[in-house]
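Across the two complexes that follow, chain A remains constant while its partner is chain B and subsequently chain C.
Let's turn to the complex of A and B:
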């Protein structure tokens, strides 16, 4: 894994080499046509960019040379000088030297000395003649060196997306070929299929790897954000960043950018107290904010942690009842985690007075939806008076997900493992009916259970009340978990656990949010992938 | 067919793909048809209007398949789709969609001038005239030429039936 510095250097190198190549092209053009304005403008611009980039990276000698060159090209552009006579060899040498210096950066070598060149450039600016020396032995080397291509390729993310989709389909076909070859049982075919499978695997990981970027590329934007928000809010905040080297799919990082910005702003604006309040509470005047990334199995955890005032569970509980999100008697029985989950409810966050009391809640539902769309999870932990931690659990890659396959009405469906809590088979005596809802007791918690068939195929009205007599024989139930709520889904039969490649639902059916997409099974069958957040919401909206 | 130069210039020949729905013949311009294939296995999709038969895997593309006989209520009783039916993959604006038909659709070349604007009475037969580009009369056949792009907009497919606005999030706010 690369360090950030190395990554930046590679990017600098790629850009600088590109500039160098363009400069060589334009100066050749200029030699043919010494008053060609487009070339002059380009050269001026390229020198300027190279100067800024080099100085930003600390390559001051390149910056210095580029600065001198820029000056001369500026003079030629404003017609104070002409690209003729002794100016020509000096500028050619200048661009060659820039090339050498860039290569020296790439090879980690010492920079060539440029004093004489700079001196000559200064002379040109002053209108004096440069001191030219014949360097005959240099020409061979020059001709060899110029043909050099960058080690880095810029690629549009769209192209990588396309590759990823193709690989996804290849994986599906791979599974199919494997299944078929096992059925046919021909040893040669089986061997070829196994080999194909291994190569397809490797290809998949290579493409996934090509899409990975360091979390640092997003984190690095935050010191400035934190400074600005802290200044505006009159807070004193120290930002710590951990795990910038953790790799994640570039598109995932893109999708969570706004969410992270939101959480950080919230943490400074509402979570952290002013220095006076902090001192009064016996805390250090400076607030701490930590942005961290770590891997946990196949997931990436990104945390936004503050040591501010924390979330007041009781005021959230009160507000949830006032907002009609939960009945008062039910609210009283909920534990702190369940209460904090209300913060992610759409109705909740709109209330401005809540944010001032609880210190949280501006648009958290938006954050939640963004994370849901990735098949991830958003968690919050908080200790009153000590701080709050938001955790984003994200998949490393969008395309491949672990899923549980099951059958309903002879059709195959998949549920992402990310939202699967457990799988149980229960007898009728394990159920109770309370208020028309089927309940079962799991690990000291009452979990509502619903027939998935009924949930999916029920019309627009509320679900009919559950009747215990309807539950006959053993029931296969998948317990899904979303936003701290567990829900049992009765299915016909469990099939297996499998990695699936989720394809987005094709238009115009993509308006049905119950399905996160489709996948193709090894048999070529189409399998719908259920979206647990939408299912949970549907159940809550339609429960009897 | 008269093939004089004059008529070619002023009256271009267009190609239709002709298929049967119920007892009538319908046509689509050939440019809109991507391919015709035996209907692949279809996975029923909950929460869609009944005429949306589900989704199918067409060479790796997942497409929705619809039944226009059901959509326009053209099916006579006891005339279920045969076990082997055909699906035309149609290119709509942003997506491909499958249309299920009972017989192999046939190509047919006609002169554009044959297509007449739909007369008023057509509104009586369930197909709203806005989907109809015109009527082509060829000898004793009458072919209704459909404007697929209008017929296959997302709102036509998903919202014509009042039943569709059903999945949780749509009406969540009142809960």
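Let's turn to the complex of A and C:
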């Protein structure tokens, strides 16, 4: 059984190290903000506890140093001294020395001598200048200091990218080995392949996990941004942040940084009203902006929400017609969601008047493109007079996506599930032709349908008008959804749903923007991954 | 019947030491609080006979806790635990109704002597 003395010693050590770590943190904070009251209070309290505990244990030299340090922090706290000039290096040395002393206790070694440090602390209390050591002495001490390695490793994201690519290839080979072993049918081989597959899976998730960072690492930059923009725009804004702990791939966070900045600036500049306008509208003078993150299945949702003037759907509808983005008779039938989707159209961002009337529209197409490049979605909801919410739906990780596999002309293709709305098989009587476009009715909505073969191989001109006679027999159709628009793609045959590792196209094929990349199937066959945003845009540009 | 004691100190080391000393001497330690909020809650919940109260706590000063406890439980004995150099606070604590005080670092005999006499004060009050 442990003696009580031993128990006390262990508790003392654990707590002293904890105190030392907290002291280091607080003094660094003090260096940034020399009058930070919480840090001063904590430093004072921690020194006080260390002093009491050390004395009770009989470690009088630690107690003595902590007592001196406590005195100075007490004087700074009561504003009799300031954390400036020569006070700073002496106190930093003091905390470093405390760390060394605690380590000496733990290792049963001799305590470092502290006479000079105590003398300097006394000088500070008396209001005299301390005698600071020469640099040379310092390096000498550094050389003798016990080195302690942190449990954390900083790693270049480039190295993690490389690791991720390798894992991607491994996953493809895993599927291949698994398929082959099933074909060969040797039980031992099959067992080995299954084991390999499990290890590869775990490796993949570990590497993905290593790349995750808290959304808070980006959010934390926003209080400053909001303050600056609000001041410049003469708005009174309160920022609330929720879900800083939500984890997401570091590169995704990097890619959305500008978009988020843009949305926040927009929300303050155009979304929120001035205090006078708000009061006149019967709202609190202070506007409210919320940045939030949450997980939804495998996705991460990031929202920018303001309680400002909201988007005027009718004015957006008018402008969309004026800009020639939609015919007037069609525009009249669109619901509010479909109308707001025009805000993300490239032509729309130039419409200055709309910006002033609706409060929205500047450069949202750029945001949209950034989110598209990640295979994510951008949504907007708004109530006139009450506020607007932009939602970024992002994958947690960029490496692996769920995809729907299908065949067209004996070739395999994949469509990311993120953009897949539904899969249907329809008979010829389910189709109508309106204005040269094939339509089918799904959940009370007319959805245009196009043969993917025709869309991919049509060349430069517009698509020929569809005729009902070309639809023969049952048709397999994938309904994709992009920017609130649904489009049916006729394919030859559905294959299956599968997680795929998308690899970017190599040059010179990387200019073909209809394909987001390639993936290798377990059978070793190459499979092209379709880019739904690009396909939708192509259809809109070429429809008859 | 054993006298019931609540320990309030933000240092786990101090709490452990006090608890061992008091338990060995036959007292019942009914709770250990590490901050002012906990102290007030546990004082209400456990209704101790005596509270040892550290003068420096993370969220409140011990003095605020003392005043809070006094309002609810005028009879509980409170022994302030302080270090050298906090005479001003200790003095204020005594004026605000603390029963006694101990100066850290303390010996076992000193703790038991002060706690014992503080509790006796309570017995003689009731007699």
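Please note the rule applied: the second predicted complex is superposed on the first by the 400 of 544 C-alpha atoms of A that agree within 3 Å, B and C clash if a C-alpha of one lies under 4 Å from a C-alpha of the other, contacts with A are read in each partner's own complex, and residues count from 1 in each chain.
The rule is short, and it goes like this: a contact is a pair of C-beta atoms (placed from the backbone, for glycine too) under 8 Å apart; a residue touches a chain by one contact, two chains touch by 3 or more.
A quick note: this is a predicted structure, and the numbers were derived from the prediction, not measured.
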Just to be sure I read the superposition right, which of the two partners does A:459 touch: chain B = first, chain C = second, or both, or neither? first
Answer with first, second, both or neither: which of chain B and chain C does A:240 touch in the superposed model? neither
Which touches a greater number of chain A residues, chain B or chain C? B
For A:48, decide between first (touching chain B), second (touching chain C), both and neither. second
Go through the superposed model and pick first if A:6 touches only chain B, second if only chain C, both, or neither. neither
For A:231 in the superposed arrangement: first (chain B), second (chain C), both or neither? neither
Of the two partner chains, chain B (first) and chain C (second), which one does A:295 touch, if any: first, second, both, or neither? neither
Which residues would you name on chain A as touching chain B in one complex and chain C in the other? none
Mind listing the chain A positions that touch chain B in their complex? 169, 172, 346-347, 411, 456-457, 459-460, 503, 505-509, 511-515, 518, 520, 524-528, 534-535, 537-542
Can you check the complex and tell me which residues of chain B touch chain A? 41-48, 52, 55-57, 60-64, 94-97, 153-154, 157-158, 163, 165-169, 171-173, 175
Touch list for chain C against partner chain A, complex: 10-14, 16-17, 20, 56-58, 83, 85, 104-106
So in the complex, the part of chain A that touches chain C is made up of which residues? 4, 7-8, 11-12, 15, 42, 44-45, 48-49, 51-53, 55-56, 63, 67, 71
